[in-house]
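Written below as structure tokens is the structure these notes are about.
Each chain gets a letter, A, B, C and D, in the order it is written, and its residues are counted from 1.
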Amino acid sequence: MPNALDEARRELALANRIVANEGVIDAFGHVSMRDPRNPNRYLQMQAMAPRDVTVADIITFDLDSNAINARGRPIYRERFIHGQIYQMRPDVNAVIHSHSPTVIPFSVTEKPLRAIFHNGHFLGQGAPVWEIRSVEGEKNNMLVLTNELGRSLAETLGKGSVVLMRGHGNAVAAHDLKTAVFRAIYTEVNAKLQMQAVMLGGPINFLNQYEQEKRQNVDRPWETWRKELGLT
Amino acid sequence: MPNALDEARRELALANRIVANEGVIDAFGHVSMRDPRNPNRYLQMQAMAPRDVTVADIITFDLDSNAINARGRPIYRERFIHGQIYQMRPDVNAVIHSHSPTVIPFSVTEKPLRAIFHNGHFLGQGAPVWEIRSVEGEKNNMLVLTNELGRSLAETLGKGSVVLMRGHGNAVAAHDLKTAVFRAIYTEVNAKLQMQAVMLGGPINFLNQYEQEKRQNVDRPWETWRKELGLT
Amino acid sequence: MPNALDEARRELALANRIVANEGVIDAFGHVSMRDPRNPNRYLQMQAMAPRDVTVADIITFDLDSNAINARGRPIYRERFIHGQIYQMRPDVNAVIHSHSPTVIPFSVTEKPLRAIFHNGHFLGQGAPVWEIRSVEGEKNNMLVLTNELGRSLAETLGKGSVVLMRGHGNAVAAHDLKTAVFRAIYTEVNAKLQMQAVMLGGPINFLNQYEQEKRQNVDRPWETWRKELGLT
Amino acid sequence: MPNALDEARRELALANRIVANEGVIDAFGHVSMRDPRNPNRYLQMQAMAPRDVTVADIITFDLDSNAINARGRPIYRERFIHGQIYQMRPDVNAVIHSHSPTVIPFSVTEKPLRAIFHNGHFLGQGAPVWEIRSVEGEKNNMLVLTNELGRSLAETLGKGSVVLMRGHGNAVAAHDLKTAVFRAIYTEVNAKLQMQAVMLGGPINFLNQYEQEKRQNVDRPWETWRKELGLT
């Protein structure tokens, strides 16, 4: 399916630019997708500023995060986040790691980040927080630089959609790329809303366990974000 | 009056772009107006990203929110918000539904959103909050997908200008389109100001029941917002 | 001095665009300057969206705020703010009225807006808050629509630089136009800083009564703001 | 090494534009670097709005902050911040002084600004705050206008990376220019995150004394910020 693959690769490049333009990733952070031809591979851009990536920057990795075709291009040091989530979650086909700014404060305090409005329903009753000290102890360097650390992070994610990384950022998983982009952006929005609700004070009426949009529309926001890049 | 209608339709398209550009609606949210030719009809854009709508995207609905001339174009699933408000409020000729970001925290906490400055006077002594659980119970999907839900929402709005939707967004009603746009934008501004006043602490000196601008100027801000779209 | 006057008029038009571009005024708010030819006159733009004003929009007023040369152009209803400050303060040659967003919360709560950093030194030990109810009682319309109200506001300003208007906005006065623009913008900045300091908690170490920049540089920021308009 | 010097000078001009574009400096604030040819000299732009600086605006100073080649161009009054840090810290080759907005509230309250996420690791267990009153007493003018004041500030910086200036701003030091830019920008980001964590309430899990990125990547963010200026 060369055309389907080409389309997937174009969408991967576009996803990077969208999450950068929407303020979810800055110079750091990366998007990946499982290779549509081979579930034991995933695709990720070379390590670079994400604003201007194109399909020519895509590198293929195996699920232990060995680059198959780097050809000298730099690769992300924290790619193990992606490989290990794909290994543990066959249902996941897209992963985004970011330092999404309003999410980090929830990773170093005690109130869980929870679904506070319908578009954040995928956060459920609270996103787990992964603590690197639980694997590497006090003398760690904060980054997911090995498969062992990636596996521990993926275990904390469990069957969920989002896992926070203490003092660092978060990782978002989804069945497809557009949903991963939707979740990465609305994780940030939900965090802003929850922080404001905390500021208003008193008990917060979160979504209950049943409340969620059954058929989440991700095409319309994708189209909006694409247009905000100036693309027609 | 073909010219008046054309002008109304152009303003409806423009209203969508203004509230998108001012950050009140993102990929979601919609503006409608009562059909100037027929009070039992209303006009709304097809379901799409609102940034680039034109008059060609306008669809006519009856007040039960059946599309009259969709011709295969997608329609908003939550259009019942609009139809039911037009049914219950003959004085209302424009409705905006949004996920206006700073308003949502007020829908899940206990302090009512109230008029804190003169441009928010239409919020009065507190905007009501509609709870979908009161109609559908705990197992709801958070969206206004039926006339029954729309009617319940319109009843909570009552004679007011703004109704908050718990964990979701809000709906704004006005006698005319420019005033609806004004209210949608200044509901968000008022929410920001009120949240900051809460942060400063102590009692807040809200507008009293008499304080309001008698002759609200909506033409000058409309002109400002229009120019911010790059239109001359 | 036709050239000096032309230059003053160009700067007045530019000042409007700067404070609009820097987020101090939106569709509402206005800048004025005392007429350099006649201290019993002041210059102000016609009532319009301030983004695109030019010298052709300037109208001359006497100090009771009667328009001298409106020639049918609309004038600001709240111009009495300006005229009365010029009457009471011969040292003041420029006035800005705005709804500067972070300042309003200080007008409805109990903590005075005070100089928290060197660029806000002109706020001194606390800006006064004017209460329209003290003149018009509970049934007022929040706006400064008469000379009587303008005089009361000017009295509350006293010898200061900034007066807050409860639930409405503020007025800034200065010896010259660039300093008025500087103060309008840094009143907003100071308000943001003070709000954040309140959020951090505990006592705040404000500027004392002696601390201030003796020779405030207003040319460099003016040049910066001018360039942010895209002007060379 | 004429080419290395030319490159250094281009990077200095670019650094000014980057920190302005990223919101760390506005009309005020300045970047300097030690002269790569002579460790007893440093390079700084002439006093001007930093948005449009070029290499033609660079002036050389000795470490007592006497201008070597000003040729009538205006120089920054607070240059003593830079000269004194270079004198006291042979390991430092780049210094940035700014009024970085979210940092100032930490300078007037009691909670130290501390490393809350990995990209803020250089803040360590808390940045010191310099109090000008400790040198000049209550009657000071808030600015670092002498070598004596600069020396006092440099002493408070000590061996650290960042020193806050009470009610004024901060100074950032680094071994090289790109790292100084990185630190200036992430000092602001860390301050925002810490303020939000305070708002969420409860104990904050800061980085411990061991946690830091061993090999901080500053090239990729530099490239991102450069592209955000519209440069290719």
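Worth pointing out:
As a convention for this text, a residue touches a chain if its C-beta (ideal position, glycine included) is under 8 Å from a C-beta of that chain, and two chains touch if they have at least 3 such contacts.
Just so it is clear, the model here is predicted, and its values are computed rather than measured.
Comparing the contact residues of chain A and chain D by number shows a mostly separate set, under half of all numbers used being common to the two copies. Centre-to-centre separation of chain C and chain D, using mean CA positions: 32 Å.
Contact of a single residue of chain B with at least two other chains is seen at positions 199.
Viewed as a network of touching protein chains, the structure reduces to one closed ring of chains, two contacts apiece.
Here the chains touching each other pair up as A-B, A-D, B-C, C-D. On the chain C side of its complex with chain D, the touching residues are 116-119, 121, 189, 192-193, 196-197, 199-208, 210-214, 220-221, 223-225, 227-228. Against chain A, in their complex, chain B makes its touches with residues 26-28, 47-52, 99, 101-102, 104-106, 108-111, 138-143, 166-169, 195, 198-199.
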